[in-house]
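Each chain gets a letter, A, B, C, D, E, F, G and H, in the order it is written, and its residues are counted from 1.
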């Protein structure tokens, strides 16, 4: 129940247009129902930097299109993640020129990004196989209107590749580090920069990588303070978390 | 905010004793604050079949006594679980004759159990080492006022021991099965009775029991429908869950 | 050996129609054989609230139909779970109009549910991907004659969605909570209601969900007393356990 | 180097027909080469109760047939395990009437079993899904010439089913128990009989069965002494181990 | 209910000394009650090759002595395993000269072993740290009256040490192999002998031995057919299983 | 080597004030050594919001004091974490009134916090046992000069407790959520706020909490976007990561 | 930047042939970029014993060919690993007679191996299923110019098979041991030889081999000093590590 | 049986001083017994670069001293690892000035190291807590006569610390990398050098380090070829493996 409606109700009570009993009834349902409009939806409104996102995985093409239409109808924009080629085709057919399919990221974006002047986020990845997850993070950030700089194929086995980017790493609002196998890149980056580092382990690898578990554990055990971790392959989550930081971070000289 | 207070507020608005603005302010804090009195506390009131319980583990003797006094002062009764000998001594000193220490169960109970005429719960355990967990469940049930029948040392390696109790197993409101090592007892009991079976794996054992993991997995994989599982060594949780079932179950002939 | 046959045997002994030796022989085989008719079958008779269920998974279409015919021939009713589209088609062809296929639940039901006036069970699920498991629980309950209320898509990331249902959660005979990913919903529900909560972790998710392990562990560690857990994806088991509780629970005002 | 050849060499040395140097050379290679003929092959000769077995899994049809011909050419008999339908067809085509395909056990046997009068082995299984593993054990035993009694579908959730077979369980030379899910059957059987019990966990199940891990751990933790365990799904290994016991066990009255 | 009592009951019925109804009542309780005397106890009688054993671990000194007196009073013999020095002292004080403490094995034996002429069992261990478990197996076998040959410190890192015992390995009724760390010894022994091999992983080691898990998995995956496995550190279980095999095995020339 | 110094060196070379050889020598050490002064130390300078921290765990009292003196001598401030009572005593003795021991947090702080006007961080914890980890995070933040609001004992089993703090959760620069057992609190908080949430699983609990693994997995699988995770019990890491975000976040109205 | 070039630059500055500004510019990029030429690239040059390798797994045919052409164009040689039949066909079509496909090893080699006179490496494997991994190691070594001796099908269940190769094992520069299942072969080989042993666990097996975990743990726990381990199925890594040792090892008589 | 003795035996046979039968007998025991003297001991002789080592862990002080005296009596030298302060005291008392206790490494060395001119090994460690394991490796190498360079406290969170040692890393015969927590150091070092890298995970850390498992998995998944791994905390094994490589490696200019 929004303040305006409640104020009107109280005014009506005062003016005798609504009985006390009827008003009591109306307010009686507040405790839980009102949580929606009064707080959560408000919250949703504020979170509209990121309107509803569809996780396509596990949905039929028809379901994807239906939900997408509802979202676009309401907010004019859409981010669909983990879209298979078939799902992406269905979505691009449904939205025509407004839709952009990023095959590497497995995303479909509808509508323009409302780019704001905010902090830049670096998305760093270790190997070429980590690219889909890195791209998912990058597209999510762009969808939120956050400028993104991609630094790919910068694994620690060739340490000079990441060292080239030290100045950028120190000026970023946040850094997303995507790495499978041993996941050491997050620690190296975390040791170089004083900015928030969000690490994404990937399921790339074989044998004792155990589907990303090795990278996950390595990242959680990072010796570098300031490194936090999201679920294996969760490029969206990392991008979103970095975006939330960037959206409110002050501009400043490198550190 | 209870209905009476809200009705008075609205009446005051109508009568001009409270401004619309002040009323708006008062109601504005409802969405979350009101959840307390209107619903959750009510819920607490109803859950008073089991007044607050102290998990002594990880608390100092002084903390145990302080919290216990507060609970007893409010509700007149207390169940303290996982009490070490030192903690139990401190509690029995604090409450004198009102306190009962069950050394095997590691519990201290203050106040009389309000015994009701309800369904009986069987607590079945496999080995003598499972006894502390079984007793914790039994004491919890008794504290809730539920009659308990103990069937101890009835492991499946001597299948005749549990078969002796078939009639009781079929007439119980619920059965708590406590077993470490391979945890097979839950399946055997579940196959015999049509009543709810709550299985408690225990950390008894060595080697590949992995601190109760073997029993836990076995119980989760039970072929007998109607078996549900609680955490390793969680005698209190199993007793409480069985008690909640027993408190509302109809009396009836065996099945 | 049923009581009638045994009584007749004894009468025959008394009347001299059967020699003591022959009677001795007949009874000598009792210890194990008699367990069947005298006790277990009796037990089966009582458990007939839930006649035999087929787990279709791992069976051929022909096997499913053959077993189904045997069950329906004996009890007139059938619940087939985990039925693939092909298996479901074969079963609906075999039983015609008597059969109902629930595609979401992957179940086929033959025969009418004998609805009784008993406690209602809520089936609550967190996300749309948890739906098949939730539906399996719901269909199982309906098959047992227990009224079911479905509350779907009520994950904790939008806490207001579950809070809307507080009154229903408090009046239910039992609640089945189906949730994958972090499984937090079971704790939230368990904290709201004083009624038995049966939690079903699902294998929905990716990465560190490890096929449902994350949700399973979370549910076993629930801080809310009264929560018990079944195997990952075991909608049938949860439904059955909730049904067994509901069948014998007294009606009452909310708590 | 067999004794006869060595004796001749030494005689030749004594008689001057072979130089000391040449003899030294000949004997110099003994330490490792001689292990073959002198001991290991002898050992193989004795183990011919079970001539070479082919594990078809992971081999091409052509490889299976080639190896099979070599074995049959040498020993006249063959046991091929884990044979797919295609592999089985190729083998039965190659050996014609001499070959017997057991589809359930996924085995092809060539040649007659040399049945001996020895102790009987019981193969007990919990559910119908465990059948392939149980049959693999049974066929292996029959191939070794050991009489087998199959007791299938005797899970602990219906304890009376296994209790019917108590006398047979006590008279067997050894018992193979095949069970997935919770694996409790091994303990129940081990508690009934005083004879060696070899437990085989199966990968049947879902969720927290973790591919047979739950059953494996349960069996390793069995409270019943005398239970030993083999790898998940290893019907051949269990059958072979039981057969080795049976081949040398004395006949005797039940115990 | 033993045959004599049942025959008398039937005779009484025939003679009219007992009513049909009373007889019916008496027999009605047979299904479960009779399992005790008629079958399980009989079974116990036969299993008296190994009278009750006490697992001292987790019991007080007083409990150990009390239970021990009861066992010795009934059967004249006792095997106490996992006895701490304190428990062993208490037991040896209680039974005086009749008691023998094996400090390495952590066992106390009361009474003489009834040695029979049966097959010999080899107990092979890999390292000196595996000795307590190996000794527990050896003492258990001796208690059962089975001659034991100890082959200790024969790890695979010095393969010649085990190769020295090839003839003995081939003549044994059964072999118990005790090994921690990588557990390879079981495979090597299993490849040498055609007799049953019972492998016991030990919790010796550090790091990635994970308390015996590495050895356990290695033994379960043994390439040598005929190897079965017991729980980590379960020397008693392995000894008992080997003893059960040896007690009924025919004497014969090596193989 | 900063540009000014290098330019001067080159000018000196050109002017003949420095020999080519000496310049070569000076530059020769650049590739690696220069990383230190030019970048890493600079970086350290910037990171001086958090001067060196001592992890006392695993160090002797003497080592703690020696290292602490060095740090305080250089920066005038110190944060010692995981300090035992003995270590804390030694440090407070060494630094006298300048040192503050927070027993709950197991920290010793030397020097005043340079409080700045920046975003506030909420530290939310589920249970009283999570307090030490929550306090470690809070003290770390205060040491960085970040205002902290503590919201303790707000577990999801009593959902109304956290709902009371919705406005604060939405206005915070970042939120640290500390929870053991099932870790559901992070999801609930993440669903309420649009600000960065850093989740800390704790090793509190027993049985299937597996030392914090259950909470860790739950948090990684959180359905709420924007939640990132640190290692089990890593209150310092979470506080530092939240502080790094807060230090650069713009002030703003709630969201 | 190598010293010679830097010296020339400084001389040019001194002589006025290069402006201070231009020199500053040239050196300005040193701190990070110079790591490349000065150290890492140099390092690459030295590592050219093994020019770039392509891991085909996860790449399209077109990507494989494109990258391969780039490598061959630069170095004239190529090693492609984990090549599917399709990828191998595409590569052999692209490079014609210069390309050699090893189907078993799943490798394609382009260009001749520059064979050097260095130490020989033995590649030992346990079972036929381990062959692909063993061949991957062997081809990698041959590509590095290291002579390879293959000893296949030498599992420990037939210990005499590996004992035949004792002299070769003692003379090798290094030994690669490839084994799945229980992985015991590495310990046996490590106990025989004093040369470096690199163990490769393979994912061959089923059940409790857990995709190679059992072999991995066994190898890590090897009692034989001098055994080191690589990732499951990492034949390339083991071959490379052995090659690096062999390339610099002195020739010598056996040990 | 050494060649000299065998030649004499054959000469005696030829000369008639030994009968053919007696010679046959003497040689008959060769196959297994001869493996000892003829091969293994020879092998031991060659391995005398490292005479017997005592793992003190799990041994009494008396056992340590007794075994140590035997070893020193035979070879004049000794390396005792994992020695507690008490064990070290006992050993230094027993051997007086000849014994050197390295408290950090937990080693006692008796006798002088026979230093040879061979390749140098670098021992690199990440944190101060990894020191005991690093020292164990270093002392082992020194005992083998291999020059050691220690590079401690060079974790990747301060990447410049390890980069300082690039030249030394490239010239070493082998590098031992000791790291707990995330274990990333091994990859960074492996990417810098072309020489063999032996990685030792340590059990340092807490939470999700799971006793060294995180570091172990990270190291096994290292992207840098040429990295091999030993068991958690196995400093001795890593030192020995590096020593075996260094002992036979040619001297050469850096690479």
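For this structure, a couple of remarks:
Just so it is clear, a contact is a pair of C-beta atoms (placed from the backbone, for glycine too) under 8 Å apart; a residue touches a chain by one contact, two chains touch by 3 or more.
What you see is a predicted model, and the numbers here were worked out from it, not measured in a lab.
Taking shared numbers over all numbers used, the chain C to chain D interface scores under half, which places it in the different class. Annotation, chain D versus chain E: rotation angle of 180 degrees from the Cα superposition, expressed as a multiple of 5.
Look at where the CA atoms of chain A average out and do the same for chain B: the two points lie 41 Å apart.
In this assembly, the C-alpha centroid of chain B lies 24 Å from the C-alpha centroid of chain C. Counting partners per residue, chain G has 32, 35, 39-40, 158-159, 163, 166, 192, 207-209, 213, 216, 220-221, 231-232 as the residues that reach two or more other chains.
Pairs of chains meeting the touch criterion are A-B, A-C, A-F, A-G, A-H, B-C, B-D, B-E, B-F, C-D, C-E, C-F, D-E, D-G, D-H, E-G, E-H, F-G, F-H, G-H.
Of all the residues in chain B, the ones that touch chain A in their complex are 3, 6-7, 10-11, 13-14, 16, 20, 23-24, 27-28, 30-32, 34-35, 38-39.
If you check the complex, the residues on chain H that touch chain E are 32-33, 35-36, 39-40, 57-58, 201, 203, 211-213, 216, 231-234.
Note for the complex: chain F touches chain A at residues 35, 39-40, 43, 46-47, 50, 166, 170, 173, 192-196, 198, 216, 220-221, 225-232, 236-238, 240-241, 244-245, 248-250, 252, 255. Per the touch definition, chain F reaches chain B in the complex via residues 128-129, 158-160, 163-164, 166, 204, 206-209. The touching residues of chain E, when paired with chain G in their complex, are 126-127, 155-159, 163, 181-184, 187-188, 190-192, 205, 207-210, 213-215, 217-224.
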